[in-house]
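Note that the chains are named A, B, C and D in the order they appear, and that numbering of residues resets to 1 at the start of each chain.
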């Protein structure tokens, strides 16, 4: 999916939400074939994938003669928990999509799955990832008379399939895929088939599961667990999988390449109870925390996680260091909209709307704060201040991943490079900005070690890790465009 | 615009709404160029055209760099009276559309104006009328890889323009028009031009007006009156008009033909204060009533109009006959949804929700009920019964237009032929069905006489009048399709 | 019901709504006892009474053990047409209320019927009228520790009944009524009884009807007609009627007085098809128009009614004068919110949003405009201008009631005296303000003649006519209060 | 606040929400005096108290001349975060209330603060607690002619104050308090004063804070922390505090008694970062877990908290036992409505909608599950099963409070005694019901020890602990009523 521009509103939100300073996954996908409760199961699967996208959700089902589509802004549980919505999605096959909450082009026509009427029947598709040549392909298609419905890069694949002169759907789909560049995990639905595809490097995840004998595709295993489905295997990098009445087919239309899945699924995106690429995410995160404790120990009284994503790494750090783990920051479970901030003093303490210091743990103590990443650093700074206000004697900040110095173009919403704290500051100036007594990041080799490798092999890195290293694994065609006006996706501004 | 199927819900509504048994116009259009309040004026123009379509409304504006679109289900006054909506439609050019209220495919993606990003810029269009080869064109386009966004026939013209290989917009638009068959009045907006077009026979109306020196296009003159604009002239049949910074151009891309505007604009659709084709609609309707009084007089005490559309004809009938005009039926101005009908007796009297008998006028009297048309006859029957319940001694029913025997395919929502009372009943059995003491329709020659003609010349009929005569003025390509499944417009069912 | 203050918003609306310059009735009431569809029938009855109040509506039903209440802002057809709302109102007895649309205290806690838990059971009540000692009674009750729920004067009667020391409900109710001063038509519901009461002069109307043998109370007969109920008789002035399982009782707790019903029910408030005090309203209005034609004829070409309420009087004027009746003003049936007015010129012509001139009728003609009343005169002025803009040669304005010089305190929403055109201008300066070529009002004796009287007998006037004569029929206790701050009804501002 | 009846809907919800099987606090209160941002600060304070009530929230402000009230169903963050709502609450004093989410009488007229117009001015009040003679007082008041607006017991105090014959507000308020029995923490607002009151035993909490020199009242200190206010002291048991322009007064209208605060504030209700009665709640909970580990150790591999409320006790248990603490259950942060459950198998695993097993932690392990309480036991049973499904070898369930055997009548929503697992089962049958390998509760003496006492002194118990001991600290007048019909609070059923 195409990234939306960063707007002032988003910046404002940063001030009050500690999670606002995390990177954001942009999507999750789910599909099931030949099950009597296809739409209801898809809704549950999307609910389990909600952490991958909170902006909007959609489900398309096929009832044997017509496709049915429900797409809504907001959470899965708001729109798709109701019987009347599920009842409008009849049929035994369905795919679904959740999309990350950004401002900007948050409009219904961009909510996936997208749908096209092909000459041979309908085709719906949902996408997790981002094409690095999406704008170029779009420009070419419009020049040829294609009418775009959305401003997503996902729509490009629909037009490519619609315009293919091949006879078989699979051939048309693969002909389309071959023109794409970048990261993608697709789930698609035709009047006969459930299809899945993962880009040649397998940057974004996609797994195959089974429920009551029916095949499932999902971004993460947690979407299988919620419905009691069993995990079969991961879709491989560069693989196209097809499920239909005749069973299962696997296609490998690309030259063989070593997989390079995105390291951020392990650091932050995937749910801790998911198994990604065969590894339990919770255990990986604990290992990153333990590795960090070895690389950068601190003399302290308590280990305090930044909730919630810092918890596993903090447990790993605590167990490795032997220092007690305590909840020094309490999360408010009732977090809705941003409140009016009556005074400047309260505005300055914005983070307390969502978290508060647990003074009983912090006061008079030397604490190690453990978090999984620093993006802009604005929230980290507020949290350190909150700890000091609550009486912490020393605050040592430990980050269980390396410094983020380069933006992503594969479906992670990163700020521009000049907004990335680590792209513009050295370690000491970062420490000063954050206000900690000490600051340390996990090393790049350290993160590979937590994954069970001896370290990073620059000749054959096993993960997509360009945010730390600048080593982008694919061409970045759209980034090379000279004329920035060519990046404008649409002349149309429409709210709905 | 493509007709939607008749559904049970619509039939149910028929029982309670006397207006439910009228034919329905399917759309109205409006456009203005180069005025600082383009969107607000368009909203007022659409409000004046609301009688042409109550299902949905939309406005597209252009602000010099981007197009802005707001499309909503419901009345213009509900969606477009508010400042915040108008403020989302900046720019000095705008077009708008109102659409008739049907059930079925009432979905946002069908609400006009539709919009396309052409290679050379954006193009928005609104349509009043119906293409008689719209399904065939759609099928051809999909076969060539076009992706349809809506189930309207209007979208076809967008794709034809998008795919044209001509360089100039006007040439591309005309190349598209030449492939169309049927009735249309288009208003379109590009990043440079306001365009209008009327089909070769001028079946649907379109007028040119002027406000503060800025050109306007509108379906009827009442949309000029509401904003104090002046009427310039009608767009001619087969004419394409273009307004841009360089002024005005007129194109006549079709071979010259005599105009045949739709006679129903005079009988029922146009607002009584509009001037259509140079004739005041109110005076034409009075003349129809007077002609009817001459052709089919009745010995009676009072003339009672069926409100509101029967009023001008009833006044003409009363003035011609010398019998007093009285409000024997009172309209309830507060008519919202259909109420729950607690008892069968109340259900049987459904019409009283919206109208009631004025017993003081009716009781003990011989009355002439005057209405403009009979479609299914179900409401006429209830009204006659209501008059009898209120004590009428005799009820003579007079209809100020001929019997409707043939369906329309040019933008009027008629029921199938077997639902048209006059298609399946002779005059006497119609009288019995309705329960009147006498029944008479205006003759076909009579209606031409009310228009100032000596009668209908079958060799050169001056109006589109096939509903009475069966004389369709264009080919009906889509009607000739063998396979009814080919008429299915979309595999997608989507509520929004 | 207590009058709400006039606010700027209301003034603004005046500019665009010709009906904004009419007096407004403030309520309508309905009740039914012992019918299986009590709530659904009450909804229909209220719908027929909608012209008496468009601000809000409410229904209370009793199911044998509990009372159920649904009260909503907006029209009956919006809130009470739906099955799910009616289903929340189970039981065989129900009362309902519609309330006039004002700004100011339009809040849910003021929507009637109001309800109180008495020691002996529940009591719900709806009120049409206004107490002239309501503020004094309220002040006394609060001083004694009563807690007020609303700012309506209706609530006073609930507290008086709650605090009565009598044993029987009827005795408690009558004890309460005896403390009231002013105009009221009440319908009430207890766990055993449907009750009705009309003030000693019978200022506001209330009729008894019957459906399927079940008793009904309603403000007007049109609420009986809509459900096919039969009219039994009017509740008499000063009468209390009780319907319960034991049948019907009538109480006359006040000294006998001659009735003085409000003359405005005939002039404007009642629906034309209602029979009020035994007289058909439509015929009375035609008689007023005919009387006006005799008193103040005009040499003219056409008679044009100001729609819709001027139509019967215009017909009477036309029939008496022999001048043709024509629709010179066309009403737009789709009138919702007030639109944004883009230009000053359009603002100046505000009336055209809701009405437009029918130029074909008006141009070059001498016209007589007939309306039922003039309040502030602002709309009349715009209508005259609209006629002149449409080409009228002469405009003669005729009003089918006398000049309104005095405010009302009995349930009609009149502006303060200094806003009443006739209170501050003589006839000639009114004519100049309105811009007509001539202006005439019906005389006070003339209106009595249209009612079948020889004229007004100042010693024993048969109608409440103080707006014309200044002759108020009851004391005006609240008007005599010295301290205006004592009129503040509540310290609480609450939107819902 | 009066308890609402338990309905089937609530029972259904129990199946899917592990928190559904906890006791529920019924309210939180907040008030501030003389601060320019009174309403905005109150909204933030209520947000911090949201865990005490999620059904509804309300704020009343006083602007020097009028009171303003906004009351809404739903969360504080939904209704009161918006500027337009806060802007409708002008003034420098405000009080607010959050209410627990139950079904049944969830209606707007019950949402607090309630408001009354007294003869001397307005009075708004919010209540945390429950009166044990509320129904009796209500019955007496209605008999005397009082009209009840709500079905809350809170309203009783308003009527008592309204009816008092004393001159000074404080005297009237105290006269009202003296008639009450049970538990209460009140915040009230008059046109001059902010008042607080705590029942003679101090069962429900209430603290005094200060922000920018302005006094604050709040249920918990976390409501002070969120706005950066400082804690001053707790309101004492039986104390009435008054803040006005003249400063501060304290009244002690009751005979001196030893305080007996509710032990459940420490076990479950209060936020872990609050300081209640001078003790940090987080530390108390850890101490309960540690005490439990001493009383009932288990041979296990990991300690797993039932999130989120079991976490502090689990940490205490882990630190005391030396067994590692691990997140064996992952909470889904996106929990909205109850989803449709497509299959019986999924229905049976309902708990997984909100939590899921972290197989990497659990599989093949002996685990100790730590939770804070068991009410009905239905959720505990599902959690044990979820652990076994994830491969746990042994499951030892440890509860950091004693068995709940008796219902509460002081503002905690407990099920009837026959629904309390511990009231109907002995330890072994509870273990079997839950399906654990072992089960242990903290002892009553143990919980006193965790509070720093040597144990419970039956002669002078320091806490309200009747749920464990049956020792109710006040009379239970309403429970003694013979006629259950007398408990019906209202004859009126109204949705809004």
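Operating definition for what follows: a residue touches a chain if its C-beta (ideal position, glycine included) is under 8 Å from a C-beta of that chain, and two chains touch if they have at least 3 such contacts.
Computed from a predicted structure; not experimentally measured.
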| item | value |
| --- | --- |
| Interchain contact steps from chain A to chain C (minimum; 1 if touching) | 2 |
| Each chain counted as touching chain A and chain B at once | none |
| Contact-richer chain pair (by C-beta pairs counted) among C-D and A-D | A-D |
| Taking each chain's C-alpha mean as its centre, the one farthest from chain A | C |
| Where chain B and chain D are represented by their mean Cα positions, the distance between them in whole Å | 62 |
| Centroid distance [mean C-alpha coordinates] between chain D and chain A, Å | 37 |
| Whole-Å separation of chain centres (CA-atom averages), chain C against chain D | 50 |
| Of all residues in chain A, the ones touching two or more other chains | none |
| Chain contact graph, described as a line, ring, star, complete graph or other shape | ring |
| Touching chain combinations (by label order) | A-B, A-D, B-C, C-D |
| Interfacial residue positions of chain B with respect to chain A in the complex | 65-71, 88, 108, 115-119, 121-122, 142-143, 145-149, 158-159, 162-164, 191, 490-496 |
| Contacting residues of chain D [partner chain A, same complex] | 37, 40-41, 43-44, 47-48, 50-51, 54, 75-78, 80-83, 86, 212, 222, 225-228, 271-273, 275, 280, 282-283, 308, 311-312, 315, 319, 324-327, 330, 332-343, 345-346, 349, 352-353, 356-361 |
